[in-house]
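Below are structures written as structure tokens.
Below, subunit A partners subunit B and then partners subunit C, in two separate complexes.
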Partner chain A sequence: MRIDFSLNGKKVSTDTPPEKRLIDVLREDFGLLSAKNACYSGECGSCTVLLEGQTIPACQIPVFTIRAKHLITMEGFRGTEKYLDIINAFSEAKCTPCPFCFNGKVFAVDRLIDNRRSPEISEIMALLSDHACGCASVSSFIQGVKYAFQNRELRGELLR
Partner chain B sequence: MPDTHKDKRFICDYYTPGMIIIRIIRASVPCGNIIKINIPELKGDAGIIQFGDIPKNRCLKVFSKEMPILSDGNIRYEGEPILLLYGSNEQQIEETEEQISIEYDTDYTIKSMEIYTEDQIDREINYQRGKPDKNFEKSFRIIEEEYTTDAQNHYDLEPQGAATVISKKKLEITCATQWPFNVRDNVSACIGIPAKDVTVNVPAMGKTHSGKLWYAGLLACYSAIVTWKTKKPSICIIPKTDSILYTPGRAASKFKFKTGLDEDGKILSRSIDITIDSGAFPMLSEEMINRICFSAAGVYSTPALRITARSLITNRPPSGAFNGMGFHQSFFATESHSNSLAAAAGLFPSEWRLKNVAKKQINLPMGWESRKPMQLEILLDTVLEMSDYTRKYAAYKLAAVKQNVFSGKKRGIGISVCCQGNGFMGKVEENEKYTVSARLDNDDKLSIMTSAVPENFQTAMLWKEIAGKILEIVPADIKIETTDTSLVPDSGPSLFSRNITIIIQLIEKCCNAIKKSRFRLPLPIEVKRSFRLPRTNGWNPETFSGNPFPVVSWGAAVVETETDPINLTTLVRGVWFAADCGKILNRELAEAEIESEIYRSITSSTIKPPVKKYTEKGIPLTPAQPAMNISITTKFIDSKELKSGGLGELPDSLVPSALLEAISTAMNTKLTSLPSSSEHLFRQLNHKEKEKIEN
Partner chain C sequence: MIKNRRSPLVYYPKTVNELLQLYKSMPDSLLFAGGTEILYGRREKYPVLPNNIILLSRIEELAAIKRSEGYLEIGACAKLNKILGIGEHVLKPALYQAIKSIATCEVRNLATLGGNICSSYRKKTLFPLLTLLDTRLELRKHGGSRWINLKKYMIESEGLQPGEVLTRIRIPFNNFNNQAFVITGDLKSDYHNAMTFAFIASVQKEVLSDIRFSIGFSNNSIFRVRDFEDALSGRKLPIFGLTEDPVYNRLTTALKSNDIEISPFRRQQIEGMFLSFLHQLNDTL
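This part shows the complex of A and B:
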């Protein structure tokens, strides 16, 4: 089945079985490897992408559902100001998630700080719990999220 | 933050369409014999590999132990690989997989740890120091207890796997492993080609907790066999359920203690009976049982000691190293028992520990001597003071006894003390020659060559910082070549904090040697250094005497909790942690490591993961980290050890017993098994209540 959609700002098209998982399409048909295929159960967040601006687990989405929609992966998110808000904040807080969970964590933080109010610690902890790898420093992550919110606020993005 | 992540490729990133995919067909019974395998007609390029199709050596070798690469017809554990199904069309493979059926003769008794027979014993240790029986006779009181720990699985996000291509007539393996040379040797043996014709590349890896020590070699053999047969690139990645259920996890254990105390509460005599479940293939049982015995009596002065320990072969998946390989189980049991000893002696757990910890090296339980003086009292005093332990313990204990169970949240506090042995227990390091080399090139750029795999990229950063400091080079000009066995020397397996204790020593030695000749010799200069265990106080594994580890680290911790008596959930209010682990190379990284390990340990001590057998793809299996923000205070005391010791295993040796003691104090009960979930606590309280009514 031919499926047209927008991928990282470009119009693309793929001929693929409609029920194929979006994560497999992104990795196999487009060579985009930032979203990881870890649990295939919507549990770990490693495969997160932005569909119409909303974070979704690409392992749970059959590819036909993204027809004519806008999809952003980490490859497209990188380099945006929103990405820089987070990555600079992580750097300042010395928060160093490994490259495997990086994708899921960055998108989750983006979603959290987009809520236009300073995130509560319990919300940050709940987020971490959803992306449970258990090997990154928790306090630096909490600090990183707070800095990321400040960065976004400073840019005025949250006020618009 | 430098965006270094975008080029990192994990094993799952090595799949490209058209590659041969390998599926492992596993046993669905825990023991028995295969009677018949029904295979449907294979379509396209699909194929099957069974035990007899393995070209040469059909066993995987780890040190002196072996296990069949595929079942030889005999099933030893549920999940044992029976055959490999491969092909490039995933859908076809999935359909074929569903049609394969295996018939078994299962008229066998399942071997377990609970009731075992002599023939299950893989290795036994009978150790005695002093005269335990005589000292028991002299004892003022004798306390007997039993503790158990469950098997623990790996919950890493990143999948395990291996890929193979043939390039220039060589097998090129990409494998997420902590031990590339073991993978190379096993692949070369099973295919029957010289080791020089196999190269192993290590892709990016997440934190391993020793889960990728030898199991990765098995997956590499699968991929190598298929590529060898088909002459096409292949990849074998196991699904997350398989990785949780079948990769070598932590061994279950049972400890029976009998301890005699004098009138003051000091240990006079001890006898410890230990049983560990090594699973179907005891690949690492020798090291594991030695480490368990070594740590079973804790760090206390013990004039007379008897240890009887055995590792059993059972119908469970093989056990693995899993952080510490035995220290975790021992310290949970022995430190929990220490709390009972304190109670029996009418002392606070802190007081009892201060009274009993070994003050001199020669007083350590098994007679082994640490190279440098220990400072256990200072460590204990440090955590006691930081946490305000004594006041809190008195208050919480009183509240637990006096108050009604349901009158508000219950606070509790627990304490523990332990050590971490860095490196293997002597023998392996003595027998093998492990090497690191470094080369300073014409452009003043440094390359460090080692097959040691950094457990996270912080470790790699640390290596660069250390080398950079010696040679006055910025880390950006240092490259660490760890990824290709044809380019790097064999630096041994990466576990037991060897990356900190041994590899760093070798990097320092190489860099210092380069520094010496830097302005005398023309560039490039290449230097190689190998590790030698100091000969002094040589370790004798038969008598457990001498000095087993190059460096020993020490730690103490206090954990404070608050338990809701209605739903029995526990919140950890604080953890205070003190360590004596030699030279601290990077305080920030060390603290981050301790913090993440504390969280991990709390999760695994209180949550029993909902591991079930699922047949379909897509499994909710990740035990979520507790959503609590724990206040963690860490202090490193001034060390008498000049070398760097590891510290990553200390939290998981300290936290479980302190945490369960805190919950036990709060709820006026005694938790004796690990993990202890809310459900477990509920059952225990119920049981206690029933007993009360019956009496």
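This part shows the complex of A and C:
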């Protein structure tokens, strides 16, 4: 089945069995390896991508569901200022997520700080519980999220 | 791809009428909304799906959320996170907590309320609370529709019939000013052993005018003791020493005689949960 969609800002098309998982299509048909296959239940966050601006687990949907939709993977997100807000903040806070949880944490932080208000500790902890991984310390992650929000706020002011 | 296996055909209806027509002509097709239940934990590269799939997520009417004076009406394909976006002040604390307890934020961006209700496996999460709230469901099929109470929906002969599709969920607004939704265990990593408790109560002028509580068990059955609730309703708060009261026997007897096998530890847990909610009510005075 031919499926057309937008991938990282470019219109693409793939001829693939419709029941194939999105994660496998991204990795095998497009060579985008940032999203990883791990739990197959959408719980670990390693396959997180942005579908129409919403974070979703790519292992949980067959590719036919994304026809005519906009999809962004970490490869596409890396070139944006939003990504730099987060990655610079993580570096400043000495928070270094491992490759396994990186996608989930970065996309989730992006979603959280896009709310245009300073994230509360409880919200950050809830986010962390969704992406449980022992790679980065809790305190550095909390600090990283706070810095990321400041970065975005600062950039927003500069843009104005 | 596995040789000789036919890939499914996918249909993308844009209106409910189109959907009902398609479903009538292909009653064996799979109605695909969020898909989280269908692919959960399956590791095959090419999951085996029915020959015909009808994708519901392109039907705007099914994703709509409307507020009227008396109730909140949610389209069956409204994503759980979109429902959470309405806010805790509208949903009320118990329903907000219950939805938030489902999976991770990423999964809630896919999962739908209709999917949760229709899933034969996930009855523990929202069912206990939605039944307390007198939730009603709209079931439509080509050429007709009906509204049904969620409790009746659970009875096989009255629930979804061939050709019917769950289209809307109507949750009445309520005056329950004390609510709680508690999970024991972990729904995400240990769904089978977790239990969910939903409590709602209305306290007016120090009188417990209405109290309801239900429990979701591992085998997806819902436990509720109506005569115990009725006996407590209308009592003046605070209520102390309930365990010595003959009324309390109605709860303990129901726990022992219930069709569901409940271990002594679980029974104690349930009683403890109920008494702790009662303490909360006493503290509101």
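Worth a mention:
In the analysis below, the second predicted complex is superposed on the first by the 156 of 160 C-alpha atoms of A that agree within 3 Å, B and C clash if a C-alpha of one lies under 4 Å from a C-alpha of the other, contacts with A are read in each partner's own complex, and residues count from 1 in each chain.
In this section, a contact is a pair of C-beta atoms (placed from the backbone, for glycine too) under 8 Å apart; a residue touches a chain by one contact, two chains touch by 3 or more.
Every value quoted in this text rests on a predicted model; they were computed, and no experiment measured them.
Of the two partner chains, subunit B is the only one that A:78 touches; subunit C does not reach it.
By the touch criterion stated above, A:55 is placed in contact with subunit C alone, subunit B being left untouched.
In the superposition on chain A, A:98 makes contact with subunit B only, not with subunit C. Shared-chain residue A:122: touches subunit B; no touch with subunit C. More residues of subunit A lie in touch with B than with the remaining chain of the pair subunit B and subunit C.
Contacts of A:113 after superposition on the shared chain: neither subunit B nor subunit C is touched.
Of the two partner chains placed by superposition, subunit B and subunit C are both touched by A:41. By the touch criterion defined above, A:67 reaches subunit C but does not reach subunit B.
Of the two partner chains placed by the overlay, only subunit B lies in contact with A:138; subunit C stays clear of it.
Contacts of A:33 after superposition: subunit B is touched, whereas subunit C is not reached.
Subunit A uses residues 40-43, 59, 130 to touch subunit B in one structure and subunit C in the other.
Partner subunit C is touched in their complex by these residues of subunit A: 1, 17-21, 24, 40-43, 45, 48, 51, 54-57, 59-62, 64-65, 67, 104, 108, 111, 127, 130-131.
Against subunit A, the residues of subunit C that register as touching in their complex are 1, 7-8, 10, 12, 32, 35-36, 39-43, 45-49, 53, 55, 57, 81, 103-107, 109-110, 188-189.
Of all the residues in subunit B, the ones that touch subunit A in their complex are 1-6, 8-10, 12-13, 15-17, 155-159, 204, 206-207, 239-240, 456-458, 588, 591-592, 595-596, 599-600, 603, 617-630, 632. Put simply, subunit A touches subunit B in their complex at residues 27-29, 33-34, 36-44, 46, 59, 75, 78, 87-88, 90-91, 94, 96, 98-102, 121-122, 124-126, 128-130, 132-140, 142.
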